[in-house]
Amino acid sequence: MIGRKGKVLTAIVTGILAVSITGCGTAAPNSAQASGQKANSGPVSLTEAGSTFVQPLLTRQVAKYQEENPNVKISVQGGGSGFGIAQLQKQLLDFGASDAFMSDADLAKAQGGTILELPIALGSVTISYNVPGLPQHIKISPDTLADIYLGKISNWNDPKLAKDNPGVKFPNLAIVPVHRAEGSGTTSIFTHYLASVSPEWASKVGKGISVNWPNPTGKVIGEKGNPGVAGAVKNTTGAIGYIELAYALENNIPYAYMHNKAGKWVLPSLEGAAADAAAFTIPEDMRVNIVNAPGDAAYPISGFSWALVYQKQTDKAKGEALVNFLKWDFTKGQSLAPSLQYVPLPDNLTKREIDMLKTITYNGQPLLK
Amino acid sequence: MYTKRNLLNALMMGVFSLAAVIAVVPLFAVLGYVLKNGLTSLNLAFFTELPGMMGVGGGMANAIIGTLIVVALASVMGIPIGILAAIYLSEYDRRSWFSTLVRFTSDVLTGIPSIIVGIVVYAAIVVRTKHFSAFSGGVALAVIMIPSVIRATEEMLRLVPHTIREAGDALGIPKWRTILSIVLPTAAKGILTGALLAVARISGETAPLLFTALGNLYYAHSLNEPIATLPLNIYFYAISPYDQWHKQAWAGALVLVFIVIVLNVVARLAFRTRMGKN
Amino acid sequence: MKKKRPRASWGDRILRSASGLTAVLVVGIMIWLGWEMFVSSRQSLHQFGWAFLGGRVWDPVHRIFGALPFIYGTLVTSIVALVIAGPIGLGVAIFLSEMAPATVRSVVGFLVELLAAIPSVVLGLWGIFVLAPFLGKVVEPWLGRRLGFIPLFHGAPVGVDLLNGGLILAIMILPTIASISREVMTAVPTVQREAALALGATKWEMIRIGVLAYAKSGIIGSVILGLGRALGETMAVTMVIGNMPNISPSLFSTAYSMAAVIANEFTEATYGLYLSALMEVGLILFAITLLLNIFARLLVWSVARGPKGGHLV
């Protein structure tokens, strides 16, 4: 029973114990080294999280930037705008991204002082759907869209849909509205839009990064991130969801014409989102909603995504890497935007942003050279 | 009457056998799909490349290594603690109210949802150290594995005949040496089995890593950085719309299941040879 | 009690106190988990009191939080899982402990344990891409046609719903129920079986009278342990349940579970009350699983208590 070959195993068990002790020993120096007050010659790792609206573009920008600056590794994590805001408030990220600007209350809770909000991308939110037999772009009026998300329209064969789409044969199929399960800037853009076109939505549900979604049909699905909503729409027959344009294009998910304020049917496009942004003056602090813009070309559901950055950086190497990357992103990096149907940020805006970058400091010294 | 009883007997025997058949159906259904979709998606790049741009492809090299690191870290903390606690329960304090409490707490701890451990570790470590990290992920997994290590180890230590300890006594060997160089080695195989099963269990844990390890597009350079892990990658890739990512999720699932099953098989083989002697 | 040792050496003192310390640590971890959950949910406890448990609205915009939809979704999926996995798990346990020849027993036993080893995120992946379409296109339309008059099977079939969540959980807890009730049955003294057989019982009668009756409380304990596991499962459920706070009698409705809402919203909460409300959901989950586990372990213990002071299976 005792097993004489136990000697080998003695070695194993003592081995485990030994490894564990030395392991604990080595862990400590590693962690000390990591807090990284080192000279800026070494590699720098930055962690970004938040907006999934901007994630397709940002991951490409970061990959491109890394080709030019192999020492700077920027890990883009997504997670939703709420994640970006909440975790940046606690100083757990090097920078965040959100497509809903932070409220004054949110800013007041930031533990690291002033947060600058710098537009990093301009894009459109599509209303995407998965209904067999429908064309690539049907027309959905603002009322209909609100009624779908209010649960008052629950089947694709509803006369209201047919009325806007003469000649299109809608199947008898339950509508499965998909929304974001977590705090989301895309949700903020979408609910700001619905609140602006539907008084009922404005009073019953409201607007924000997460809302209390109506669900009288029992079919509404919540998913995490733009990818989650796009995935659910793609996998679920009868689904409808709001996702950033790049997700719809890259995954061949059909999306709808929207009816803009000027009374025109429009598809999301570079021109449309550019027109939206042009219709508004962007204030000093960059915080602006641009949904339901006037103008014939305007696409009604679009918005900015902001990089959220502490004005006072606590790590020189990281701070330098961050401002340099952002400067590159606002200028050269924007050339990647059109290929994914994001609008390159207008020059007058990026000039102002670079001025803001210059106010970012470490130990009182500006970081941008 | 007699035939009716026999009929019922036959019926029930049939029902139980059927239950056994039904129980293994989901195993094959799941493993079948993981194998089918995993094998067609698996390629060299999956093991050697970083994830890169969204929805495009690349591989999960950093997540595979990340999982190994986080699990190793958890094992390095959890296994010694578990073994030591079991030594206490089995060798120093078998039947006091305190040891009963510890034993009971440990068993109950097994049933606490892993996500709870995740949020508590987030609040205690991530928020305090001001960053998501491999380290915090390792701590969360260690907490989850400790109870199973304790239980397996204590059961094995109890199987060691008392005469061995008495022989040590009689020879005047100090108790600690008896424990470390006689009792523990005797039970080593069983303890190893228990430890391997605990490692297998935490290898697939996802929920506690959401708020601790976070994820990383690159290799983590230190334990203080966020780190990519297979389970989290599988989750995010699975819910995405990208076909390329779905493929990678299946490939990741295959690798993860392979790791877990190998650990299980090795653990059980080690145990079998030991128990085979009984 | 053994004879007194000559004197405790330094080595002994060190090993004794080091191992004792780790034992204290185990209890400490439990207290730590409970305390941290409690402290973090105080704001919400104070604000909503008991009404939190019965609140049907979860509205971060208007700062109203109620946990009922999450409790409901958690309970319904877990009950579905129990209804399916309970009888099957019990059947497997009886098959393994009373019927199967040694080789079959070790093979089937191993397969069931392997099922337990499949990571939940892999089950979730399978749930999204295999089970959901199968339910939505085959099972649910069929159930709807045949049994649609029962509210349980009412509504359009989608496949991402309570039923999917329940089925995935059933797969997860089946091994728990099977292996623990098997251990309990194995612990039933052979005399029990022999006595029944000596009275002329058939095998089934022997199992019923000799084994099941004797092991009853332990079996119930195993089922409750399975329930505990189902209640706290996070990833697989969040991937297939639809993540929508909802109280609907239909299994074809989307819903939300306590663990899933924590997974999705915990890191997003930008103000204290929101975070605190999520923590309170966690606290409820913690309390329920804690009580269930204590109860179940005691039940299992009453049958399959090992050598004195042994583990509670």
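All chains are identified by letter, namely A, B and C, in their written order; residue positions are counted from 1 within each chain.
We take it that contacts are C-beta pairs under 8 Å (C-beta built on N, C-alpha and C of every residue); 3 or more make two chains touch, one makes a residue touch a chain.
It should be emphasised that the depicted structure is a prediction, and the values quoted were computed from it without experimental measurement.
Student: If every step must land on a chain the current one touches, say how few steps get you from subunit A to subunit B.
Tutor: Minimal hop count between subunit A and subunit B: 1.
Student: If you count the contact pairs for each chain pair, which pair has the most?
Tutor: Here the largest contact count links B-C.
Student: Sort the other chains by how far their Cα centres are from that of subunit B and give me the top one.
Tutor: A
Student: Between subunit A and subunit C, what distance separates the C-alpha centroids? Give it in angstrom.
Tutor: 35
Student: Approximately how many whole Å separate the CA-defined centres of subunit B and subunit C?
Tutor: The answer is 17 Å.
Student: Where in subunit B do residues touch at least two different other chains?
Tutor: 238-239
Student: Which positions in subunit A touch two or more other chains at once?
Tutor: Subunit A, residues with two or more chain partners: 223-224, 232.
Student: Give me the residue numbers in subunit C that touch at least two other chains, ranges are fine.
Tutor: Residue numbers touching two or more other chains: 128-129, 267.
Student: Going by the contact rule at the top, pick out the subunit C residues touching subunit B in the complex.
Tutor: 2, 5-6, 8-9, 11-12, 14-16, 18-27, 29-30, 32-33, 36-37, 40, 87-92, 94-96, 98-100, 108, 110-115, 117-126, 128-130, 171, 174, 178, 202-205, 207, 225, 228-229, 231-235, 239, 259, 262-263, 266-267, 279, 282, 285-286, 289-290, 292-294, 296-297, 306-312
Student: Okay, in this complex, where on subunit A does subunit C touch?
Tutor: 79-80, 82-83, 85-87, 89, 105-106, 109, 173-174, 176, 181-183, 205-213, 215, 217-224, 232, 235-238
Student: Can you check the complex and tell me which residues of subunit B touch subunit C?
Tutor: 5-6, 8-9, 12-13, 15-20, 22-24, 26-27, 29-31, 33-34, 37, 81-82, 84-85, 87-89, 91-95, 98-117, 119-120, 122-124, 143, 146-147, 150-151, 154-155, 158, 169, 172, 174-177, 179-180, 200-201, 203-207, 210-211, 231, 234-235, 238-239, 246, 249-250, 253, 256-257, 260-261, 264, 268
Student: For the complex, which residues does subunit C have touching subunit A?
Tutor: 57-62, 64, 128-129, 132-133, 136, 155-156, 158-160, 238, 242-246, 248, 250, 252-254, 256, 264-265, 267-271
Student: Give the list of subunit B residues in touch with subunit A in this complex.
Tutor: That would be residues 52-55, 72-73, 75-77, 79-80, 83, 126-127, 130-132, 135, 160-161, 164, 181, 184-186, 188-189, 191-192, 195, 214-218, 221-226, 236, 238-243, 274, 277-278 of subunit B.
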